[in-house]
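Quick heads-up: structures coming right below.
What follows is chain A paired twice: with chain B in the first complex and chain C in the second.
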Partner chain A sequence: MSDNEILKVKDLSILYKTDLETVYAVNHVSFTLNKGQTLGLVGETGAGKTTTALGIMSLLPKRTARVTSGEILFEGQDLLKMSEKELLGIRGQKISMIFQDPMTALNPVLTVGDQIGETVRLHNTKNLSREEIEKKVEDTLELVGIPKERKNEYPYQFSGGMRQRVVIAMALICDPRMLIADEPTTALDVTIQAQVLSMICDLQRKYGTSMIMITHDLGVVAETCDTVGVVYAGEIVEYGQLADIFAGEDHHPYTEGLFGSIPNLKTKARRLQPIEGLMPDPTVPVEGCRFAPRCKYATDQCRSKKPPLWEKDGHQIRCHFAGIRKEAKHE
Partner chain B sequence: MAKYIIKRLLYMIPVLLGVAFLVFTILSLTPGDPGSIILGITARPEDIAALNEKFGYNKPFLIRFFTYIGNIIFHHDLGISYQTRQPVIDSILARFPNTLFLAVLSMCVSALLGVTLGIVSAVKQYQAIDRVLVVTALIFASIPGFWLGLMLLLLFSLKLGWLPSFGSGSLKNFILPTVTVSLTSAAGLLRLTRASMLETVRQEYIRTARAKGAPEKLVIYKHALRNALIPVVTTMGTSFGASLGGAIIAETVFAMPGMGTLLTTAIRQKDIPMVMGATLFLAFLFSLVILLVDILYAFIDPRIKAKYQNGGRSRE
Partner chain C sequence: MNKSVQKTNRKSRRMASVKEFWRRFIKNKTALAGFVILCFILFIVIFADVIVPYSKCIEQAGSERLQGPGPAHWFGTDEYGRDLFARVIHGSRYSLIIGVSTSLMALFFGAILGASAGYFGGMVDNIIMRITDVFMCVPPILLSLAVVAALGTNLRNLIIAMTISCVPGNVRLIRSVVLTVADQDYVEAARSYGTGNGRIIFRYVLPNAMGPIIVNTTMCISDMILSAAGLSFIGMGIQPPAPEWGSLLSNAETYLFSAPYLLVFPGIFIILTSLAFNLVGDGLTDALDPKLKD
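What follows is the complex of A and B.
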């Protein structure tokens, strides 16, 4: 692991096991996050993005989730091998998380000031006094654009966008080295989305925080990310620099499909081109390529044999035909 | 908040009038008149009629009802018992301390047992201790109170001779009735607390707390418990209110003079002033307890507090 890297996930697999079924949520996922940079994980709902994030935070539901392979190296140390006590010192202080739905992510019976300050009180390495913590809470509130007078109010007194600012304040108050943003704008109004997103990015740049941005919105990826992993059915099917994904020549058919599903103002199309079909049942182990049932280029080889990882200058694609098949221009 | 409480207190007036009217009507519809019940079937009709006239029972229903209400409002008088010829209020006040003491004691014991063990059970879900607690709770919730009371009586009074089997003179007298009443309700509270906690720890704000690096204890006691308590407080309040009406089974088994036996005896004897007085007294207390529970909500949940302050309109 080089000095430049803050997080390296290698061959991570996570499954959920209940009495009834086994769900293969994350399958042999690897990616690297460089210091101060943003890695985007894009994919549709249920692709395993949030499970990956919770895996990094060690917040997977204990009874059902199992990490079956891989390692998660954070600053050179494997988070999976750490004791619960060591993890308590990392969560909230070194790695923190912004959750998807601000309406449910805040405790309804505690004031926002209390909830933001709690992070500091839990990781009070600088031995701040009570007044200093209060001051820090006020400063952080102002930083995310909430008047400090509102710190004694309860979550129900805030709108969705304001609540997400509170969640962000809570995540940033300890100056974490790494931030995981799990669809931070999905639950917000479109007008608020841009505000919140640009605020997250400004703060990230200001403090040099590294970030994993989980989203299903390619627009968000284009605006925020340096590196992108396209996740499909618990697998990273394409991985590379932002330019590789958005402007490169070679693509995984799923990435092509994602781009085909968003409206383009320049070309005149009567209809969008959605990806036909649904994601495969995650309870069934797959022999060949996971995308094969929905892929218009699929051959018998795709259905029977697991595709190898194609790589060119750090741009990786998991497809039998990567580098051979050129992108079909969609209308 | 004060405005809300005053409003709620005023609401109690129509509630109590409604209760009074309903009970008075039911009592009037039941067969038999006080005269013949007191004097027995061998009495002469003239004597029965004379007694009924003395009680005012021969007057029309509505006149009797309004005379009764009028006496309460203008003379603060709940009337004289047909049976004992003593003021009703004296009988109530003689019995009520026993009932109140038993109710408070049982509530404390059952809350302590039920809520703490419920939390333990939820935190250790599906582990051995949880299974033991759930099964034990199920057993105690299913055991009929009279049987439990009798068995306790058999063991601790008759076999071991540790505790008295009847009366209400000392603290010792209250131990067995308290155990009888509180074990059943603790079992219910345990199951409710467990379910409510399990529901709460699945909420996303619990995950947020964990993501902040909060240790398990803090997550449970600071973040989860307060949110999980609302349904528990509701149940505790209503069951406390109900137990003010007397634990009839425990009172009967342990021969303890309380509100439950007072009321059942009065009903059997058609002692109208006594039934009316006791019912109104209990309805009044019950409404007070419910009001207290509602006020308690406000301290648990700020959203409810805000609702009260807005005069009952929610901001959300």
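What follows is the complex of A and C.
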């Protein structure tokens, strides 16, 4: 692991096992996050993005989830091999997470200031006194654009956008080295989305935090990410620099489908082209390419044989025809 | 200097929040009524000896048996000529000690067991709940009876016995509330900030489950006073001649038709106490819930 990398996920597989069925949620996923950079994980709902994030935090539901293969190296140490006690010291202090729904991510009986201070009190390695913690809470509140006078108010007195700021303040107060943002803007309305997003990015740049941005919104990716992984059915089907995904020549058919499903100002398409069909049943192990049933280029080979990983200058595509099939892209 | 200023600031802020709580509590008139009754009963409990000396309630006077209420004996006298007023006043001590201490103990054990069962789930849940089921199978009064019979009848054993019979219900209730709260996003969020299980249970899960728990506990106090009365009734509670509201009721049964006042006065006090605790419990739940603040 080179010095420049903060997180390296290798061949991670996670499944949920219940008495009735086994759900293959994440399948042999690998990616790398460099220091100070942002990695985007894009994909449909149920593609396994959140499961990957929870896997990194070791917060998967213990009774059902199993990590069947892989390692998660954070600053050279494998998070999967750490004891619960070591993890407690890492969560919140070195890695923290911004949750999707700010309406439910805050404890209703604690005041906002108490709640933000909670993370500091838990990881009080610098032995800050109560007054210093209070000061830090006030500073952080101002940082995310909330007047510090409001720290004695309860979450229900805040609007959705303000609550998300509180959640962000909680995640950032310990200066974590890595931030996982799980669809941080999905539950907000559009005007607030842009504000919150640009605030996250500003703070990230200011503190040099690395970030994993989980989203289904390609617009968010274009705005925030350096590296992008396109996730489909628990697999990363395409992985590369932002430019590779948005302007590269070769693409996975699923990525093309994603771009075809959003409106584009420059081209005159009469209709959007949604990807036909649904994601495959995650309880059934797949022989060939997972996208084959929905792919318009699929051949018998696709249905029977697992596609190899095609790579060119760090741009990876998991498709039999990658690099061969040059498509009139984004038509 | 600076530090002391901040310290007083914090103190005044805590005072402010207590004030705020009080303001919301007294806004609820029924809760305030309950609180006034409760104060009245507490006054009786504390100053029982000043109101009427204890000797009065065990002093027997053959010539004054079963006299109705009057200026000499406000609540009348019982079959041994003891003053009922004195017995009711001093009985409040036993009844309240039993009611409050059993409920608090049952709350304590119920919260620990119920919260662990609901929060950890799996094996822990299974073990705790199956044992609870076993205790639930036995009718509570029978269970307390068995424990008292085994340990011997005195105040301490009575409290232990009644706590044991009350805990299973509490475990059930608290587990079910905890189950719904433990699923909330903020609990998972707390975990993602590196919060340990104990802290999550006591700072995140239980405070959010407080409403039903408070109501249940205050109801439990009146329940316990009544079931202590039940135990005294069959002779397994507080032993005579010590007065206790329940045993006063059970003595009254013999003279139900000739001297109904023997039943009425202790009955009124039991009802008032139950009512007061229930009203206060309701008010507490509302006043403590930040969402109902205005």
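In this section, the second predicted complex is superposed on the first by the 328 of 331 C-alpha atoms of A that agree within 3 Å, B and C clash if a C-alpha of one lies under 4 Å from a C-alpha of the other, contacts with A are read in each partner's own complex, and residues count from 1 in each chain.
The rule is simple: a contact is a pair of C-beta atoms (placed from the backbone, for glycine too) under 8 Å apart; a residue touches a chain by one contact, two chains touch by 3 or more.
Note that the structure is predicted; figures quoted are calculated from it, not measured.
Once the two complexes are overlaid through chain A, chain B and chain C clash, as defined at the top of the document. Contacts of A:131 after superposition on the shared chain: chain C is touched, whereas chain B is not.
Of the two partner chains placed by the overlay, chain B and chain C both lie in contact with A:154. Using the contact criterion defined above for the overlaid structures, shared-chain residue A:107 touches chain B and also reaches chain C. With both structures placed on the common chain, the touch criterion links A:122 to chain B and to chain C.
By the touch criterion stated above, A:290 is placed in contact with neither chain B nor chain C. In the superposed pair of complexes, A:251 makes contact with neither chain B nor chain C. With chain A used to align the two structures, chain B clashes with chain C at 19-27, while the other stretches in 1-9, 19-27, 37-45 or 55-63 stay clear. Shared interface residues of chain A, touching chain B in one complex and chain C in the other, are 57, 59, 63, 87-93, 96-97, 99, 101, 104-110, 118-119, 122-123, 154, 156, 167, 170.
Residue ranges on chain A touching chain C, taken from their complex, read 57, 59, 63, 87-93, 96-97, 99, 101, 104-110, 118-119, 122-123, 130-131, 152, 154, 156, 167, 170. Residues of chain C that touch chain A in their complex: 3, 6, 10, 13, 121-122, 184-186, 188-196, 199, 203-204, 207-208, 210, 290-291, 293. Listed in rising order, the residues of chain B touching chain A in the complex are 125-126, 203-205, 207-215, 218, 222-223, 226-227, 300-303, 306, 315-316.
Interface residues of chain A facing chain B in the complex, by the touch rule stated above, are 57, 59, 63, 87-93, 96-97, 99, 101, 104-111, 118-119, 122-123, 154, 156-157, 167, 170.
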